[in-house]
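Heads up, the thing below is written out as structure tokens.
Should a chain be cited, it is by its letter among A, B, C, D, E and F, assigned in written order, with residues numbered from 1 in that chain.
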Amino acid sequence: MQNHDVDTLLDLAIREDFGQIGDITCEAIFTGEYCRARLIGKTRGVLAGKDIFSRVFTHVDHHTKVAFHCDDGQIISPGLTLASVEGKAQSVLSAERTALNFIGFLSGIATQTRASVEKALEGGNAVILDTRKTLPGFRALSKYAVKIGGGANHRMGLYDMVLIKDNHIDAVGGVSEAVRRARRKWDSRFKIEVECRSLDEVREALAAGVDIIMLDNMDYTDMANALKLGTGGVRFEASGNVDMEKINRISSLGVTYISVGMLTHSVPSIDFSLQVEVKGTTKRKP
Amino acid sequence: MQNHDVDTLLDLAIREDFGQIGDITCEAIFTGEYCRARLIGKTRGVLAGKDIFSRVFTHVDHHTKVAFHCDDGQIISPGLTLASVEGKAQSVLSAERTALNFIGFLSGIATQTRASVEKALEGGNAVILDTRKTLPGFRALSKYAVKIGGGANHRMGLYDMVLIKDNHIDAVGGVSEAVRRARRKWDSRFKIEVECRSLDEVREALAAGVDIIMLDNMDYTDMANALKLGTGGVRFEASGNVDMEKINRISSLGVTYISVGMLTHSVPSIDFSLQVEVKGTTKRKP
Amino acid sequence: MQNHDVDTLLDLAIREDFGQIGDITCEAIFTGEYCRARLIGKTRGVLAGKDIFSRVFTHVDHHTKVAFHCDDGQIISPGLTLASVEGKAQSVLSAERTALNFIGFLSGIATQTRASVEKALEGGNAVILDTRKTLPGFRALSKYAVKIGGGANHRMGLYDMVLIKDNHIDAVGGVSEAVRRARRKWDSRFKIEVECRSLDEVREALAAGVDIIMLDNMDYTDMANALKLGTGGVRFEASGNVDMEKINRISSLGVTYISVGMLTHSVPSIDFSLQVEVKGTTKRKP
Amino acid sequence: MQNHDVDTLLDLAIREDFGQIGDITCEAIFTGEYCRARLIGKTRGVLAGKDIFSRVFTHVDHHTKVAFHCDDGQIISPGLTLASVEGKAQSVLSAERTALNFIGFLSGIATQTRASVEKALEGGNAVILDTRKTLPGFRALSKYAVKIGGGANHRMGLYDMVLIKDNHIDAVGGVSEAVRRARRKWDSRFKIEVECRSLDEVREALAAGVDIIMLDNMDYTDMANALKLGTGGVRFEASGNVDMEKINRISSLGVTYISVGMLTHSVPSIDFSLQVEVKGTTKRKP
Amino acid sequence: MQNHDVDTLLDLAIREDFGQIGDITCEAIFTGEYCRARLIGKTRGVLAGKDIFSRVFTHVDHHTKVAFHCDDGQIISPGLTLASVEGKAQSVLSAERTALNFIGFLSGIATQTRASVEKALEGGNAVILDTRKTLPGFRALSKYAVKIGGGANHRMGLYDMVLIKDNHIDAVGGVSEAVRRARRKWDSRFKIEVECRSLDEVREALAAGVDIIMLDNMDYTDMANALKLGTGGVRFEASGNVDMEKINRISSLGVTYISVGMLTHSVPSIDFSLQVEVKGTTKRKP
Amino acid sequence: MQNHDVDTLLDLAIREDFGQIGDITCEAIFTGEYCRARLIGKTRGVLAGKDIFSRVFTHVDHHTKVAFHCDDGQIISPGLTLASVEGKAQSVLSAERTALNFIGFLSGIATQTRASVEKALEGGNAVILDTRKTLPGFRALSKYAVKIGGGANHRMGLYDMVLIKDNHIDAVGGVSEAVRRARRKWDSRFKIEVECRSLDEVREALAAGVDIIMLDNMDYTDMANALKLGTGGVRFEASGNVDMEKINRISSLGVTYISVGMLTHSVPSIDFSLQVEVKGTTKRKP
């Protein structure tokens, strides 16, 4: 999907690597050669980011051709060829690192999400959600990678869902008053979620008529009790320092969602390599 | 230091969180209250990013005041208050997540760098270097965080040092020819580094007169032998899948530099919290 | 509220009037004079746009001072002084037309909205809503003016609420299927509204569990019958070629909302004048 | 004609409607369908804006094809098909509202201009002119629509003609001195027009040698007398609260121009509809 | 005067000198020192560009203070101190070259213009005009420098005066037809000038009623004869490879204007130096 | 080579010439005619700038076709046809002046560089270098033209080589200390050059181990003596008010480089003409 912010980030990424001078190594080495390159997986993981990977190459040189042999979401295994890249050797090699930086990061997110989703399914039916703890500039891309990994997206930003947190509650003196204000202003336009720190707050939120209740940093017992209070269509989201070990157990309690901040700010990148074969000095025009 | 690219990223980060509508939760909850907030460490680490943290708040509302009680590079410990933030409650809470996303990521890099530097010093005198494997858009900020952690910066981009890699070498038929081309074009303006995969290539590079030799994915024995070949002012950089266990040993061999890609693409963020105290409805103008 | 799009429109408005050369008349006439000017209402209406009015003057010359004696929402009457503007005569006169163009247009929207709101209250309790039929570039400003006039805002754009219209329904074969798709994808994040053309569609929409039902171009009888079908918290919005005469009657039927496209695309501007008193050649620095 | 400002406005219009998330309704409903749509007139009027209408669709998706069956300036009648649009259903429906907002507004201007021109021709030969009272950001588009409606353009902005108004005259002590200053500075480069409030000012302006004299808010008798004073090639422009009733009579007096501010700030939009026929799920690539 | 294009050029100039890394020499040398510097003339000339000179320093560091002791238009003589600059040594030295590049170029234009004006006055009363032969991006600045040197500005661009040249004339079959088209379209809004290559064309232009006649590449005799044909308020501009030697003689013929392209594309820069005195390490905050 | 800054300058150049209104002369004259034009040299020189010349035309109208019959670096002679341009007459003539302004300026630099290179080769083997004394916004283009003329590029900006100048030296108390600081910070990444004003400073610089020594404003004797001190791979650059007369002699002394600021700020443009043949009113679509 076309996204102005992703264009800005892509442009920024290329400018910061090229500077005003460009790739001085390639400029000294090459004299017009063409090359064919293959994108190859080096570790196991879930592919995410083929579109932005391709756009790095074509942004640097719109004659470069990138063809993927698979879709985002496919399992990467070591040695598997995922895509081929063809074009001027200088164009391909200059773009290589930025393209790998994007796809490695996004595949890292997708891979970790997939693992979380599997853990959740072992325990129950909880859906894995992302958070707003994304690296600045990567909101749209990171949330895309979470979907590719089998997770679902929480709100995109501050503007598309009301999420009343502890600071908001304390500022107005309680859950009921906070929800009342939010409903009065936005009930007809936006969903309302409330972060609850205790069973009492859960009861208040239910009485106030919210759409989603976030169980914030609760222990297993409190979560289980909170879920018993649920009525109508209200949904429960478990949140707060969720790690891989806890997901299975939380899911088994019956929550609808488990949100995992770590997915978008603390996952290792997936390692890929671009194997390049420079083809003589056949200066054929592409 | 003023940097146009960092401004672009900051602007992008705020726009992607606010959208066209802004923080709908705060808009419903607050009626002009002021607040005082404290930035508090939650885990052990090295602080990096106080400037960009502050700028997020002032970009959202230039009346908000941020005061740090320490400098980048200081050790964070759980519970330690690092900074105070004062301003309109809505402005502070709307900016909170983006500011934390920046400082958590950069402190993660600084923390991991510090650990790497300590490992290297246990073994010898090797300097820890970063690479171009930075997340897109974060080149300048990530390299800043590496310096804060005690590391040094490798080249900033494709444009400020010649780095001849395997693909370049293979394309022209050998190290000697590749270096010859680079020297002819850039010798008076740029340093030249060559990535060597074998002792033979190291010998070629030395004969060709380069400034730095990268020992790429060599085992300890080959590295040790390569170092013995060194003459004049040439420097050696160990590179390739370097992890914490290997740093100590590689450093003990006597290389000048160890470059560690993982520092800027695969480190966990450091966790901070912003504890906010909303102050009645005292609408005093700041 | 700070809004990037409004900044862009303001900048565009000034550039299109100044061109590369600037105000050639003022440049020939003035030699550094200062002036004091008063913004005066010429017809009856509701004021909207004092902030953007002020920003035009300070964008042209940040030394110019604008002080309003009233707030947006106040009734304008002929001859009433609303604000004073002080600064260099050239700066004030060059900015005058653009500032008046903004405030006249926005006050026109607020005035017409106020009239619609009054009509609705004569008949019942229906809330007047705006639509997406805003002039391009004026989305945020126009919706602000509607609020000032006493109306409420429908969704801001395509991205903050699901609104299933006739084309969507026909494309998938019916209301039920369209709602099913929307709920599966967005139920946890976004409110869902459906545009219904008949009582049968209203029944389908109610069964499918939507938040808001738009009664599209229905006659009074159908609207009344539709409203009787309502259950739970569902809300009804009357829409389609609503003009001043119909609002009273529609409101009396008991709908929650009446949306009026005309408010933001077909209202006459309110006429203001800026009475300027140029003060000798007292070149005192402001 | 290519125009940087129009590009900016178009981009702004699409961004404000899509936000960061895009069209969530279409995203839920469609699975790759194509559609054919027809632009149809709903009321009588003059078409203006076919180019910008088309560019909205291709800006959203450059695969969408728009073909007009007529040119700007043609009479629209209810039911008449004016253009066809083909492309992915999601692309077409997401762009629909913004495209209609542009063409409806511009056609409104052209329609009202045509009516004014006809009124003027009933009385005499006066040419209908626009003013600088255009909605911010719409200067070029609005003036284009006036030309389509048969009017002519007054100056484009502050920079392409000298127009000495009452405030300028009062600031320097009279028409003669104001014109003297303008001629000294710009006589060789720009035309000079003076706004005159009385016959005495008209006499001064004629003596000072201006190109155009604006008769500002004069009654019919004063206008007639002013016209008798005219000598050489000087032209007269009637201005000030001109409405449809007065145009005929003013034109009959023999003025060259009648400028009508209302044309670009207070006209109702023309109503169009886009009738869409979604075509199965034939996912043929366009 | 505020000018968006000059801002763009200034920003571009600083970015191209700083790149992404900044001034690496100053970064290594300085540790927070302050300095006082003096701008000193090195050759004789006319000063132009003090505003843009100052803005370079404040764009790099808004704490730097620049104070000029004279105005644009003043005669520079070797050794004369023109301005003082105070601020952080690193900020001042990093901005120095860009600031000198601007002021040297603009003073070069002003100096050459002054010389041309003096030559013209020796022969008669001809006014020296610039042309559109300005270096790309420098249109506004170059024309400003011409005014400072005592010249006047020809049209600013393609958009503010009609100038019918040989290609236009040939395309439509003659001067009369070309002028007829221009008058029909623009007579009420723009001045019209025609480039004439012969006395016959001059006669045609006079008959067609133009404002200015350009005598293009004519010899002295033809120019003199053309001037004798002049009637009414028409003005004559001599143009075409005018150099210093010819100006005196052309002026004596009685033309109103002499346009000199060379002024803005082929003049040597004026040499200035910035003498810097670094002041210990007194790290006082400015 | 793709360069973001050049794009910005090109866009700026076209905007400043077109304004918001465009080419009013062409708009009045032409009715859709096509033309064929030839770029012809008028004086002797070296061609530089064919790419940017072409891009001006296609930026104005992407249908215009430009075909060069030669490459940058070729000798221009009066009357020689260098390129052909085909397209709509209005598009070609509107773009003509901006395109000529670019190519004339860049060819002026290349021409003067060629002359300097020839002078240098008469005396010895010195390479002609440019400086940072380029016109703001023209850094990349000017340095490109110098290479076309046979010169070499000095550093691109403040960021790609350390150049320690007199002010830096004085600030820290001498050459040795200045070089020590630079080496400590940047030795592994950047080349270091020092500007020396005396033989003593040359000796200090040599002892400190720099890459290049600039002999600043020295007389021939001092230069000769300095060169005798050279050891290892150090290079010498002569600098300071170098003009055509001195180049030969300086080159004969044996310096490696002679840097000539005048090349990029004080050279006359080369004169070209575009001969246009408008072709009837054959409105064939290109």
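Definition applied: a contact is a pair of C-beta atoms (placed from the backbone, for glycine too) under 8 Å apart; a residue touches a chain by one contact, two chains touch by 3 or more.
Given the structure is predicted, the values throughout are model-derived calculations rather than measurements.
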| item | value |
| --- | --- |
| Mutual neighbours - chains that touch subunit C and subunit F alike | A, B, D, E |
| Gap in Å, rounded to a whole number, between the CA centres of subunit F and subunit B | 36 |
| Distance from subunit D to subunit B - Cα centre to Cα centre, in angstrom | 53 |
| Subunit F: positions in contact with at least two other chains | 5, 15-16, 19-22, 139-140, 156-157, 159-161, 190 |
| Chain contact graph, described as a line, ring, star, complete graph or other shape | complete |
| Of subunit C, residues touching subunit A in the complex | 152-155, 159-161, 188-191, 211-212, 235, 256-257 |
| Subunit A partner contacts - residues on subunit D that touch it in the complex | 15, 19-22, 60-61 |
| Complex interface listing, subunit F residues touching subunit E | 5, 8-10, 12-13, 15-30, 33, 35, 89, 93-94, 97-98, 100-102, 104-105, 108, 132-140, 156-165, 167-168, 170-172, 178, 181-182, 184-186, 190, 262, 265-269, 276, 278 |
| Interface residues, subunit D side, partner subunit F - complex | 1-5, 139-140, 156-157, 159-160 |
